[in-house]
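In order of appearance the chains are A, B, C and D, and numbering begins at 1 in each one.
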Amino acid sequence: MRKSVFVFRVRYAETDQMGIAHHGNYLTWFEMGRSTLCREWGKPYASWEDEGVFLPVVEASCRYKSPARYDEELSLHTSVEQVKPHSVTFKYRLYRGDKLLAEGKTRHAFATPDGKLIRGGHPLIRWLEERSTERP
Amino acid sequence: MRKSVFVFRVRYAETDQMGIAHHGNYLTWFEMGRSTLCREWGKPYASWEDEGVFLPVVEASCRYKSPARYDEELSLHTSVEQVKPHSVTFKYRLYRGDKLLAEGKTRHAFATPDGKLIRGGHPLIRWLEERSTERP
Amino acid sequence: MRKSVFVFRVRYAETDQMGIAHHGNYLTWFEMGRSTLCREWGKPYASWEDEGVFLPVVEASCRYKSPARYDEELSLHTSVEQVKPHSVTFKYRLYRGDKLLAEGKTRHAFATPDGKLIRGGHPLIRWLEERSTERP
Amino acid sequence: MRKSVFVFRVRYAETDQMGIAHHGNYLTWFEMGRSTLCREWGKPYASWEDEGVFLPVVEASCRYKSPARYDEELSLHTSVEQVKPHSVTFKYRLYRGDKLLAEGKTRHAFATPDGKLIRGGHPLIRWLEERSTERP
(Lines give C-alpha, C1' and ligand atoms only; values in the text may rest on other atoms or scores of the structure.)
Protein backbone atom coordinates (compact mmCIF):
# COMPACT_ATOMS: atom_id res chain seq x y z
CA MET A 1 0.00 0.00 0.00
CA ARG A 2 1.31 3.42 -0.94
CA LYS A 3 2.10 5.75 1.88
CA SER A 4 3.07 9.35 2.33
CA VAL A 5 5.73 10.61 4.75
CA PHE A 6 5.49 13.99 6.44
CA VAL A 7 8.41 15.30 8.51
CA PHE A 8 7.90 18.07 11.07
CA ARG A 9 9.10 19.33 14.44
CA VAL A 10 7.13 19.50 17.69
CA ARG A 11 6.18 23.09 18.49
CA TYR A 12 6.73 24.59 21.93
CA ALA A 13 3.03 25.53 22.02
CA GLU A 14 2.24 21.84 21.56
CA THR A 15 3.88 20.83 24.84
CA ASP A 16 2.01 20.83 28.13
CA GLN A 17 3.15 21.05 31.74
CA MET A 18 3.89 17.31 31.72
CA GLY A 19 6.84 18.37 29.52
CA ILE A 20 5.67 16.35 26.50
CA ALA A 21 3.57 17.01 23.40
CA HIS A 22 -0.09 17.19 24.41
CA HIS A 23 -2.06 14.19 23.13
CA GLY A 24 -4.69 16.37 21.43
CA ASN A 25 -2.15 17.56 18.85
CA TYR A 26 -1.77 14.10 17.34
CA LEU A 27 -5.13 14.40 15.58
CA THR A 28 -3.93 17.66 14.05
CA TRP A 29 -0.68 15.99 13.00
CA PHE A 30 -2.67 13.15 11.42
CA GLU A 31 -4.57 15.80 9.48
CA MET A 32 -1.29 17.18 8.14
CA GLY A 33 -0.46 13.64 7.09
CA ARG A 34 -3.71 13.43 5.09
CA SER A 35 -3.04 16.84 3.54
CA THR A 36 0.44 15.74 2.50
CA LEU A 37 -0.84 12.46 1.06
CA CYS A 38 -3.52 14.20 -1.03
CA ARG A 39 -1.05 16.82 -2.28
CA GLU A 40 1.59 14.23 -3.15
CA TRP A 41 -0.94 12.05 -4.94
CA GLY A 42 -1.93 15.00 -7.10
CA LYS A 43 -5.21 16.23 -5.60
CA PRO A 44 -4.66 18.64 -2.72
CA TYR A 45 -7.51 18.49 -0.23
CA ALA A 46 -8.31 22.16 -0.97
CA SER A 47 -9.30 21.04 -4.48
CA TRP A 48 -11.64 18.42 -2.99
CA GLU A 49 -13.53 21.16 -1.18
CA ASP A 50 -13.49 23.29 -4.35
CA GLU A 51 -15.20 20.37 -6.10
CA GLY A 52 -17.79 20.17 -3.32
CA VAL A 53 -16.48 17.09 -1.51
CA PHE A 54 -15.75 17.46 2.21
CA LEU A 55 -14.23 14.78 4.43
CA PRO A 56 -15.60 15.30 7.95
CA VAL A 57 -14.10 12.99 10.56
CA VAL A 58 -16.62 10.50 11.93
CA GLU A 59 -14.25 8.42 14.03
CA ALA A 60 -10.71 8.88 15.33
CA SER A 61 -8.43 6.87 17.56
CA CYS A 62 -4.83 6.95 18.69
CA ARG A 63 -2.53 4.76 20.78
CA TYR A 64 0.29 6.68 22.43
CA LYS A 65 3.33 4.47 22.97
CA SER A 66 6.10 6.87 23.83
CA PRO A 67 6.03 10.65 24.32
CA ALA A 68 7.22 13.25 21.82
CA ARG A 69 9.08 16.31 23.03
CA TYR A 70 9.66 19.92 21.99
CA ASP A 71 11.68 20.49 18.81
CA GLU A 72 12.08 16.78 18.07
CA GLU A 73 11.90 15.93 14.40
CA LEU A 74 9.16 13.37 13.79
CA SER A 75 8.06 11.39 10.72
CA LEU A 76 4.42 10.68 10.15
CA HIS A 77 3.56 7.82 7.77
CA THR A 78 0.06 8.07 6.33
CA SER A 79 -1.77 5.54 4.18
CA VAL A 80 -5.31 4.75 3.09
CA GLU A 81 -6.52 1.68 4.93
CA GLN A 82 -9.93 1.25 3.33
CA VAL A 83 -12.23 3.03 0.90
CA LYS A 84 -15.93 2.19 1.17
CA PRO A 85 -18.78 3.68 -0.87
CA HIS A 86 -19.54 6.13 1.92
CA SER A 87 -16.35 6.44 3.96
CA VAL A 88 -12.56 6.29 3.86
CA THR A 89 -10.21 5.20 6.64
CA PHE A 90 -6.68 6.60 6.94
CA LYS A 91 -3.98 5.00 9.03
CA TYR A 92 -1.04 6.77 10.68
CA ARG A 93 2.24 5.73 12.25
CA LEU A 94 4.37 8.35 13.97
CA TYR A 95 8.11 7.83 14.35
CA ARG A 96 11.14 9.52 15.89
CA GLY A 97 13.91 7.88 13.91
CA ASP A 98 13.09 4.15 14.00
CA LYS A 99 11.06 4.36 17.19
CA LEU A 100 7.28 4.12 16.82
CA LEU A 101 5.73 6.77 19.08
CA ALA A 102 2.07 6.44 18.21
CA GLU A 103 -0.36 4.94 15.75
CA GLY A 104 -3.89 5.90 14.89
CA LYS A 105 -6.78 5.87 12.47
CA THR A 106 -9.40 8.31 11.27
CA ARG A 107 -12.56 7.46 9.38
CA HIS A 108 -14.18 10.12 7.21
CA ALA A 109 -17.54 10.50 5.53
CA PHE A 110 -17.86 12.10 2.09
CA ALA A 111 -20.12 15.12 2.47
CA THR A 112 -21.46 18.07 0.50
CA PRO A 113 -20.61 21.64 1.61
CA ASP A 114 -23.84 21.76 3.63
CA GLY A 115 -23.06 18.51 5.42
CA LYS A 116 -25.17 15.96 3.53
CA LEU A 117 -23.55 12.56 2.98
CA ILE A 118 -22.39 11.56 -0.51
CA ARG A 119 -22.90 7.80 -0.78
CA GLY A 120 -20.44 6.42 -3.30
CA GLY A 121 -20.03 7.04 -6.96
CA HIS A 122 -18.21 10.37 -6.80
CA PRO A 123 -15.16 10.46 -9.10
CA LEU A 124 -12.92 11.67 -6.26
CA ILE A 125 -13.86 8.65 -4.19
CA ARG A 126 -13.03 6.25 -7.03
CA TRP A 127 -9.79 8.13 -7.60
CA LEU A 128 -8.83 7.69 -3.95
CA GLU A 129 -9.60 3.98 -4.13
CA GLU A 130 -7.51 3.48 -7.25
CA ARG A 131 -4.56 5.48 -6.03
CA SER A 132 -4.44 3.79 -2.65
CA THR A 133 -4.07 0.34 -4.18
CA GLU A 134 -1.42 1.30 -6.72
CA ARG A 135 2.08 -0.01 -6.30
CA PRO A 136 4.38 2.75 -5.05
CA MET B 1 -17.74 52.49 29.65
CA ARG B 2 -19.75 49.28 29.78
CA LYS B 3 -17.80 46.12 30.10
CA SER B 4 -18.46 42.40 30.00
CA VAL B 5 -16.95 39.86 32.39
CA PHE B 6 -16.18 36.31 31.32
CA VAL B 7 -15.06 33.73 33.90
CA PHE B 8 -13.25 30.56 32.84
CA ARG B 9 -10.60 28.08 33.92
CA VAL B 10 -7.20 27.47 32.30
CA ARG B 11 -7.20 24.17 30.40
CA TYR B 12 -4.43 21.62 30.82
CA ALA B 13 -3.94 21.70 27.03
CA GLU B 14 -3.28 25.43 27.32
CA THR B 15 -0.20 24.95 29.49
CA ASP B 16 3.26 24.45 28.03
CA GLN B 17 6.43 22.90 29.39
CA MET B 18 7.25 26.15 31.21
CA GLY B 19 4.37 25.06 33.49
CA ILE B 20 2.23 28.11 32.68
CA ALA B 21 -0.50 28.96 30.20
CA HIS B 22 1.04 29.46 26.77
CA HIS B 23 0.96 33.11 25.66
CA GLY B 24 -0.77 32.29 22.37
CA ASN B 25 -3.97 31.31 24.18
CA TYR B 26 -4.57 34.83 25.42
CA LEU B 27 -5.74 35.93 21.97
CA THR B 28 -8.25 33.08 22.00
CA TRP B 29 -9.38 34.10 25.48
CA PHE B 30 -9.81 37.69 24.29
CA GLU B 31 -11.99 36.34 21.51
CA MET B 32 -14.19 34.60 24.08
CA GLY B 33 -14.42 37.96 25.83
CA ARG B 34 -15.71 39.59 22.62
CA SER B 35 -18.17 36.73 22.08
CA THR B 36 -19.49 37.15 25.62
CA LEU B 37 -19.79 40.94 25.24
CA CYS B 38 -21.74 40.66 21.98
CA ARG B 39 -24.04 37.98 23.43
CA GLU B 40 -24.67 39.94 26.63
CA TRP B 41 -25.35 43.13 24.70
CA GLY B 42 -28.01 41.32 22.67
CA LYS B 43 -26.31 40.60 19.35
CA PRO B 44 -24.30 37.37 19.43
CA TYR B 45 -21.40 37.50 16.99
CA ALA B 46 -22.91 34.54 15.08
CA SER B 47 -25.79 36.88 14.13
CA TRP B 48 -23.28 39.45 12.83
CA GLU B 49 -21.95 36.87 10.39
CA ASP B 50 -25.51 35.84 9.48
CA GLU B 51 -26.13 39.49 8.57
CA GLY B 52 -22.97 39.53 6.44
CA VAL B 53 -20.67 41.48 8.76
CA PHE B 54 -17.38 39.83 9.71
CA LEU B 55 -14.84 41.26 12.15
CA PRO B 56 -11.39 40.07 11.03
CA VAL B 57 -8.57 41.03 13.39
CA VAL B 58 -6.19 43.59 11.87
CA GLU B 59 -4.07 44.25 14.94
CA ALA B 60 -3.58 42.53 18.29
CA SER B 61 -1.33 43.13 21.26
CA CYS B 62 -0.92 41.79 24.76
CA ARG B 63 1.22 42.59 27.79
CA TYR B 64 1.82 39.61 30.06
CA LYS B 65 2.38 40.69 33.65
CA SER B 66 2.08 37.51 35.67
CA PRO B 67 1.58 33.91 34.52
CA ALA B 68 -1.68 31.97 34.65
CA ARG B 69 -1.65 28.31 35.62
CA TYR B 70 -3.67 25.15 34.98
CA ASP B 71 -7.17 25.06 36.44
CA GLU B 72 -7.00 28.58 37.85
CA GLU B 73 -10.24 30.50 37.58
CA LEU B 74 -9.67 33.74 35.69
CA SER B 75 -11.89 36.74 34.93
CA LEU B 76 -11.61 38.52 31.63
CA HIS B 77 -12.97 42.07 31.44
CA THR B 78 -13.80 43.18 27.90
CA SER B 79 -14.88 46.62 26.71
CA VAL B 80 -15.08 48.58 23.47
CA GLU B 81 -12.34 51.18 23.42
CA GLN B 82 -13.15 52.92 20.17
CA VAL B 83 -15.52 52.60 17.21
CA LYS B 84 -14.41 54.24 13.98
CA PRO B 85 -16.23 54.22 10.63
CA HIS B 86 -14.08 51.33 9.45
CA SER B 87 -12.78 49.61 12.58
CA VAL B 88 -13.49 48.80 16.22
CA THR B 89 -10.98 48.36 19.04
CA PHE B 90 -11.67 46.08 21.98
CA LYS B 91 -9.74 46.25 25.25
CA TYR B 92 -9.13 43.36 27.65
CA ARG B 93 -7.96 43.01 31.23
CA LEU B 94 -7.36 39.54 32.64
CA TYR B 95 -7.52 38.94 36.40
CA ARG B 96 -7.03 36.16 38.91
CA GLY B 97 -8.98 37.53 41.85
CA ASP B 98 -7.78 41.14 42.18
CA LYS B 99 -4.45 40.52 40.48
CA LEU B 100 -4.07 41.83 36.95
CA LEU B 101 -2.34 39.12 34.90
CA ALA B 102 -2.44 40.62 31.42
CA GLU B 103 -3.96 43.35 29.32
CA GLY B 104 -4.43 43.64 25.61
CA LYS B 105 -6.20 45.13 22.64
CA THR B 106 -7.51 43.92 19.31
CA ARG B 107 -8.55 46.09 16.38
CA HIS B 108 -11.01 44.70 13.85
CA ALA B 109 -12.12 45.71 10.39
CA PHE B 110 -15.73 45.34 9.28
CA ALA B 111 -15.75 43.02 6.28
CA THR B 112 -18.15 41.24 3.94
CA PRO B 113 -18.19 37.41 3.79
CA ASP B 114 -15.73 37.53 0.88
CA GLY B 115 -13.33 39.78 2.77
CA LYS B 116 -14.09 43.24 1.34
CA LEU B 117 -14.01 46.10 3.81
CA ILE B 118 -17.27 47.77 4.88
CA ARG B 119 -16.48 51.44 5.47
CA GLY B 120 -18.95 52.79 8.02
CA GLY B 121 -22.63 53.23 7.88
CA HIS B 122 -23.67 49.66 8.63
CA PRO B 123 -26.43 49.47 11.28
CA LEU B 124 -24.44 46.93 13.32
CA ILE B 125 -21.52 49.34 13.53
CA ARG B 126 -23.75 52.19 14.75
CA TRP B 127 -25.34 49.79 17.21
CA LEU B 128 -21.93 48.88 18.61
CA GLU B 129 -21.00 52.53 18.96
CA GLU B 130 -24.21 53.38 20.80
CA ARG B 131 -24.07 50.42 23.14
CA SER B 132 -20.45 50.96 24.05
CA THR B 133 -21.08 54.49 25.29
CA GLU B 134 -24.23 53.66 27.29
CA ARG B 135 -24.12 53.82 31.04
CA PRO B 136 -24.06 50.31 32.53
CA MET C 1 -22.01 5.13 37.99
CA ARG C 2 -21.33 8.68 39.15
CA LYS C 3 -20.74 11.21 36.46
CA SER C 4 -19.70 14.81 36.22
CA VAL C 5 -21.27 17.38 33.90
CA PHE C 6 -19.28 20.22 32.38
CA VAL C 7 -21.07 22.96 30.43
CA PHE C 8 -19.16 25.19 28.00
CA ARG C 9 -19.46 27.08 24.72
CA VAL C 10 -17.66 26.35 21.46
CA ARG C 11 -14.95 28.96 20.84
CA TYR C 12 -14.59 30.71 17.50
CA ALA C 13 -10.95 29.58 17.39
CA GLU C 14 -12.20 25.99 17.65
CA THR C 15 -14.08 26.17 14.34
CA ASP C 16 -12.43 25.37 11.03
CA GLN C 17 -13.23 26.33 7.45
CA MET C 18 -15.83 23.53 7.30
CA GLY C 19 -17.83 25.86 9.59
CA ILE C 20 -17.91 23.37 12.48
CA ALA C 21 -15.83 22.67 15.56
CA HIS C 22 -12.59 20.98 14.53
CA HIS C 23 -12.48 17.33 15.61
CA GLY C 24 -9.15 17.73 17.39
CA ASN C 25 -10.73 19.93 20.06
CA TYR C 26 -12.86 17.10 21.39
CA LEU C 27 -9.86 15.52 23.12
CA THR C 28 -9.21 18.85 24.84
CA TRP C 29 -12.87 19.06 25.84
CA PHE C 30 -12.69 15.52 27.25
CA GLU C 31 -9.71 16.67 29.30
CA MET C 32 -11.81 19.51 30.75
CA GLY C 33 -14.38 16.84 31.62
CA ARG C 34 -11.75 14.90 33.57
CA SER C 35 -10.55 18.06 35.30
CA THR C 36 -14.11 18.88 36.33
CA LEU C 37 -14.75 15.34 37.59
CA CYS C 38 -11.59 15.31 39.72
CA ARG C 39 -12.34 18.77 41.12
CA GLU C 40 -15.97 17.89 41.92
CA TRP C 41 -14.95 14.63 43.55
CA GLY C 42 -12.61 16.51 45.86
CA LYS C 43 -9.17 15.92 44.36
CA PRO C 44 -8.35 18.42 41.62
CA TYR C 45 -5.95 16.95 39.09
CA ALA C 46 -3.37 19.62 40.02
CA SER C 47 -3.14 17.97 43.45
CA TRP C 48 -2.48 14.59 41.79
CA GLU C 49 0.57 16.05 40.10
CA ASP C 50 1.60 17.72 43.36
CA GLU C 51 1.52 14.24 44.94
CA GLY C 52 3.66 12.86 42.12
CA VAL C 53 0.97 11.02 40.15
CA PHE C 54 0.60 11.92 36.47
CA LEU C 55 -2.06 10.53 34.14
CA PRO C 56 -0.57 10.45 30.63
CA VAL C 57 -3.02 9.39 27.92
CA VAL C 58 -2.15 6.02 26.39
CA GLU C 59 -5.22 5.60 24.22
CA ALA C 60 -7.99 7.89 23.00
CA SER C 61 -10.95 7.48 20.70
CA CYS C 62 -13.96 9.48 19.63
CA ARG C 63 -17.03 8.93 17.47
CA TYR C 64 -18.41 12.12 15.95
CA LYS C 65 -22.15 11.84 15.34
CA SER C 66 -23.26 15.37 14.66
CA PRO C 67 -21.22 18.58 14.37
CA ALA C 68 -20.94 21.28 17.02
CA ARG C 69 -20.91 24.94 15.99
CA TYR C 70 -19.52 28.25 17.22
CA ASP C 71 -21.01 29.62 20.45
CA GLU C 72 -23.29 26.63 21.00
CA GLU C 73 -23.63 25.63 24.63
CA LEU C 74 -22.64 21.98 25.06
CA SER C 75 -22.77 19.57 28.00
CA LEU C 76 -20.04 17.04 28.49
CA HIS C 77 -20.83 14.03 30.70
CA THR C 78 -17.73 12.34 32.11
CA SER C 79 -17.52 9.13 34.10
CA VAL C 80 -14.91 6.55 35.09
CA GLU C 81 -15.47 3.39 33.09
CA GLN C 82 -12.81 1.18 34.60
CA VAL C 83 -9.95 1.36 37.09
CA LYS C 84 -7.23 -1.24 36.74
CA PRO C 85 -4.04 -1.59 38.80
CA HIS C 86 -2.09 0.25 36.12
CA SER C 87 -4.62 2.29 34.15
CA VAL C 88 -7.93 4.13 34.29
CA THR C 89 -10.47 4.57 31.50
CA PHE C 90 -12.73 7.61 31.33
CA LYS C 91 -15.87 7.76 29.18
CA TYR C 92 -17.41 10.88 27.66
CA ARG C 93 -20.73 11.80 26.11
CA LEU C 94 -21.16 15.22 24.55
CA TYR C 95 -24.62 16.75 24.20
CA ARG C 96 -26.30 19.84 22.80
CA GLY C 97 -29.56 19.77 24.74
CA ASP C 98 -30.79 16.18 24.43
CA LYS C 99 -28.91 15.48 21.22
CA LEU C 100 -25.81 13.28 21.52
CA LEU C 101 -23.07 14.86 19.39
CA ALA C 102 -20.12 12.62 20.19
CA GLU C 103 -18.87 9.95 22.52
CA GLY C 104 -15.38 8.88 23.39
CA LYS C 105 -12.96 7.23 25.76
CA THR C 106 -9.47 7.88 27.04
CA ARG C 107 -7.25 5.42 28.85
CA HIS C 108 -4.49 6.72 31.12
CA ALA C 109 -1.45 5.23 32.78
CA PHE C 110 -0.39 6.23 36.29
CA ALA C 111 3.10 7.67 36.03
CA THR C 112 5.76 9.38 38.13
CA PRO C 113 6.91 12.92 37.25
CA ASP C 114 9.76 11.46 35.19
CA GLY C 115 7.43 9.19 33.24
CA LYS C 116 7.87 5.82 34.96
CA LEU C 117 4.72 3.72 35.34
CA ILE C 118 3.15 3.29 38.79
CA ARG C 119 1.65 -0.20 38.88
CA GLY C 120 -1.23 -0.21 41.35
CA GLY C 121 -1.27 0.33 45.03
CA HIS C 122 -1.12 4.13 45.06
CA PRO C 123 -3.72 5.68 47.41
CA LEU C 124 -4.96 8.02 44.68
CA ILE C 125 -5.71 5.06 42.45
CA ARG C 126 -7.70 3.29 45.17
CA TRP C 127 -9.49 6.55 45.88
CA LEU C 128 -10.50 6.87 42.23
CA GLU C 129 -11.77 3.30 42.21
CA GLU C 130 -13.86 3.80 45.32
CA ARG C 131 -15.32 7.11 44.25
CA SER C 132 -16.24 5.88 40.79
CA THR C 133 -18.40 3.06 42.15
CA GLU C 134 -20.19 5.16 44.79
CA ARG C 135 -23.83 5.95 44.35
CA PRO C 136 -24.31 9.57 43.30
CA MET D 1 20.91 42.14 10.84
CA ARG D 2 20.96 38.39 10.52
CA LYS D 3 17.66 36.71 10.07
CA SER D 4 16.30 33.20 9.97
CA VAL D 5 13.72 31.94 7.49
CA PHE D 6 11.19 29.27 8.38
CA VAL D 7 8.94 27.78 5.69
CA PHE D 8 5.73 25.97 6.60
CA ARG D 9 2.18 25.29 5.45
CA VAL D 10 -1.05 26.46 7.07
CA ARG D 11 -2.78 23.54 8.80
CA TYR D 12 -6.48 22.84 8.30
CA ALA D 13 -6.93 22.95 12.09
CA GLU D 14 -5.54 26.50 11.98
CA THR D 15 -8.39 27.80 9.84
CA ASP D 16 -11.62 29.11 11.34
CA GLN D 17 -15.11 29.49 9.96
CA MET D 18 -14.09 32.78 8.30
CA GLY D 19 -12.17 30.46 5.94
CA ILE D 20 -8.77 31.92 6.86
CA ALA D 21 -6.02 31.10 9.34
CA HIS D 22 -7.14 32.14 12.83
CA HIS D 23 -5.17 35.15 14.11
CA GLY D 24 -4.18 33.38 17.33
CA ASN D 25 -1.93 30.98 15.43
CA TYR D 26 0.43 33.73 14.37
CA LEU D 27 1.96 33.90 17.85
CA THR D 28 2.61 30.15 17.64
CA TRP D 29 4.16 30.62 14.20
CA PHE D 30 6.38 33.40 15.56
CA GLU D 31 7.48 30.96 18.25
CA MET D 32 8.51 28.47 15.53
CA GLY D 33 10.49 31.31 13.97
CA ARG D 34 12.38 31.85 17.24
CA SER D 35 12.99 28.11 17.58
CA THR D 36 14.38 27.98 14.06
CA LEU D 37 16.60 31.02 14.63
CA CYS D 38 18.09 29.59 17.85
CA ARG D 39 18.67 26.19 16.22
CA GLU D 40 20.27 27.70 13.13
CA TRP D 41 22.50 29.95 15.21
CA GLY D 42 23.78 26.92 17.10
CA LYS D 43 21.92 27.00 20.40
CA PRO D 44 18.51 25.32 20.19
CA TYR D 45 16.07 26.81 22.67
CA ALA D 46 15.80 23.41 24.41
CA SER D 47 19.44 23.85 25.43
CA TRP D 48 18.63 27.28 26.91
CA GLU D 49 16.11 25.66 29.22
CA ASP D 50 18.60 22.89 30.01
CA GLU D 51 21.02 25.63 31.11
CA GLY D 52 18.32 27.18 33.29
CA VAL D 53 17.40 30.16 31.09
CA PHE D 54 13.75 30.53 30.13
CA LEU D 55 12.36 33.19 27.79
CA PRO D 56 8.78 33.91 28.90
CA VAL D 57 6.91 36.33 26.64
CA VAL D 58 6.18 39.65 28.31
CA GLU D 59 4.76 41.48 25.32
CA ALA D 60 3.50 40.45 21.89
CA SER D 61 1.93 42.28 18.98
CA CYS D 62 0.93 41.53 15.42
CA ARG D 63 -0.44 43.49 12.47
CA TYR D 64 -2.46 41.37 10.06
CA LYS D 65 -2.31 42.77 6.54
CA SER D 66 -3.69 40.01 4.37
CA PRO D 67 -5.17 36.61 5.33
CA ALA D 68 -3.40 33.27 5.05
CA ARG D 69 -5.32 30.22 3.89
CA TYR D 70 -5.23 26.45 4.33
CA ASP D 71 -2.27 24.61 2.83
CA GLU D 72 -0.57 27.79 1.59
CA GLU D 73 3.20 27.73 1.91
CA LEU D 74 4.37 30.68 3.98
CA SER D 75 7.82 32.06 4.85
CA LEU D 76 8.45 33.54 8.25
CA HIS D 77 11.47 35.84 8.60
CA THR D 78 12.70 36.18 12.18
CA SER D 79 15.38 38.48 13.52
CA VAL D 80 16.54 39.87 16.85
CA GLU D 81 15.55 43.52 17.09
CA GLN D 82 17.09 44.40 20.41
CA VAL D 83 18.91 42.75 23.30
CA LYS D 84 18.78 44.55 26.64
CA PRO D 85 20.27 43.42 29.96
CA HIS D 86 16.90 42.02 31.01
CA SER D 87 14.93 41.40 27.82
CA VAL D 88 15.17 40.52 24.14
CA THR D 89 12.86 41.61 21.33
CA PHE D 90 12.30 39.45 18.25
CA LYS D 91 10.78 40.77 15.04
CA TYR D 92 8.80 38.75 12.50
CA ARG D 93 7.67 39.23 8.93
CA LEU D 94 5.37 36.66 7.35
CA TYR D 95 5.26 36.26 3.57
CA ARG D 96 3.42 34.28 0.92
CA GLY D 97 5.84 34.59 -1.96
CA ASP D 98 6.70 38.31 -2.08
CA LYS D 99 3.52 39.43 -0.39
CA LEU D 100 3.82 40.56 3.22
CA LEU D 101 0.91 39.03 5.16
CA ALA D 102 1.72 40.07 8.70
CA GLU D 103 4.42 41.52 10.90
CA GLY D 104 4.90 41.33 14.62
CA LYS D 105 7.14 41.51 17.63
CA THR D 106 7.59 39.64 20.87
CA ARG D 107 9.55 40.79 23.89
CA HIS D 108 10.89 38.20 26.32
CA ALA D 109 12.32 38.30 29.81
CA PHE D 110 15.20 36.06 30.86
CA ALA D 111 13.98 33.91 33.73
CA THR D 112 15.06 31.03 35.94
CA PRO D 113 13.09 27.74 35.87
CA ASP D 114 11.01 28.96 38.82
CA GLY D 115 10.16 32.23 37.11
CA LYS D 116 12.60 34.70 38.70
CA LEU D 117 14.06 37.31 36.37
CA ILE D 118 17.72 37.11 35.34
CA ARG D 119 18.98 40.65 34.95
CA GLY D 120 21.82 40.69 32.46
CA GLY D 121 25.20 39.11 32.56
CA HIS D 122 24.23 35.56 31.61
CA PRO D 123 26.51 34.11 28.92
CA LEU D 124 23.52 33.09 26.78
CA ILE D 125 22.29 36.66 26.75
CA ARG D 126 25.67 38.00 25.64
CA TRP D 127 25.82 35.25 23.03
CA LEU D 128 22.46 36.32 21.64
CA GLU D 129 23.59 39.93 21.49
CA GLU D 130 26.79 39.09 19.65
CA ARG D 131 25.17 36.74 17.17
CA SER D 132 22.37 39.12 16.33
CA THR D 133 24.76 41.87 15.26
CA GLU D 134 27.05 39.63 13.18
CA ARG D 135 27.07 40.00 9.44
CA PRO D 136 25.20 37.10 7.81
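The definition used in the following text is that contacts are C-beta pairs under 8 Å (C-beta built on N, C-alpha and C of every residue); 3 or more make two chains touch, one makes a residue touch a chain.
If you want to know which protein each chain is, UniProt gives these names: A, B, C, D = Thioesterase superfamily protein.
Because the structure is predicted, anything quoted here is derived from the model rather than measured.
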Please tell me whether B-C or B-D has the greater number of C-beta pairs in contact. B-D
Maximum centroid distance from chain B, chain identifier (CA atoms): A
Rounded to the nearest Å, the gap between Cα centres of chain B and chain D is 24
Nearest whole angstrom, what separates the Cα centre of chain C from the Cα centre of chain D? 33
Could you give the separation in Å between the centres of chain B and chain C, each centre being the mean of its C-alpha atoms? 28
Can you list the chain D residues in contact with two or more other chains? 12-13, 17-18, 20, 24, 28, 31, 70
If you look only at chain D, which of its residues touch chain B in the complex? 17-18, 20, 23-25, 27-28, 31, 49, 54, 56-65, 67, 115
Using the touch definition up top, name the residues of chain B that touch chain A in the complex. 12-13, 15-17, 19-20, 22, 24, 70
Chain D - residues contacting chain A, complex: 9, 11-13, 28, 31-32, 35, 39, 44-46, 70-71
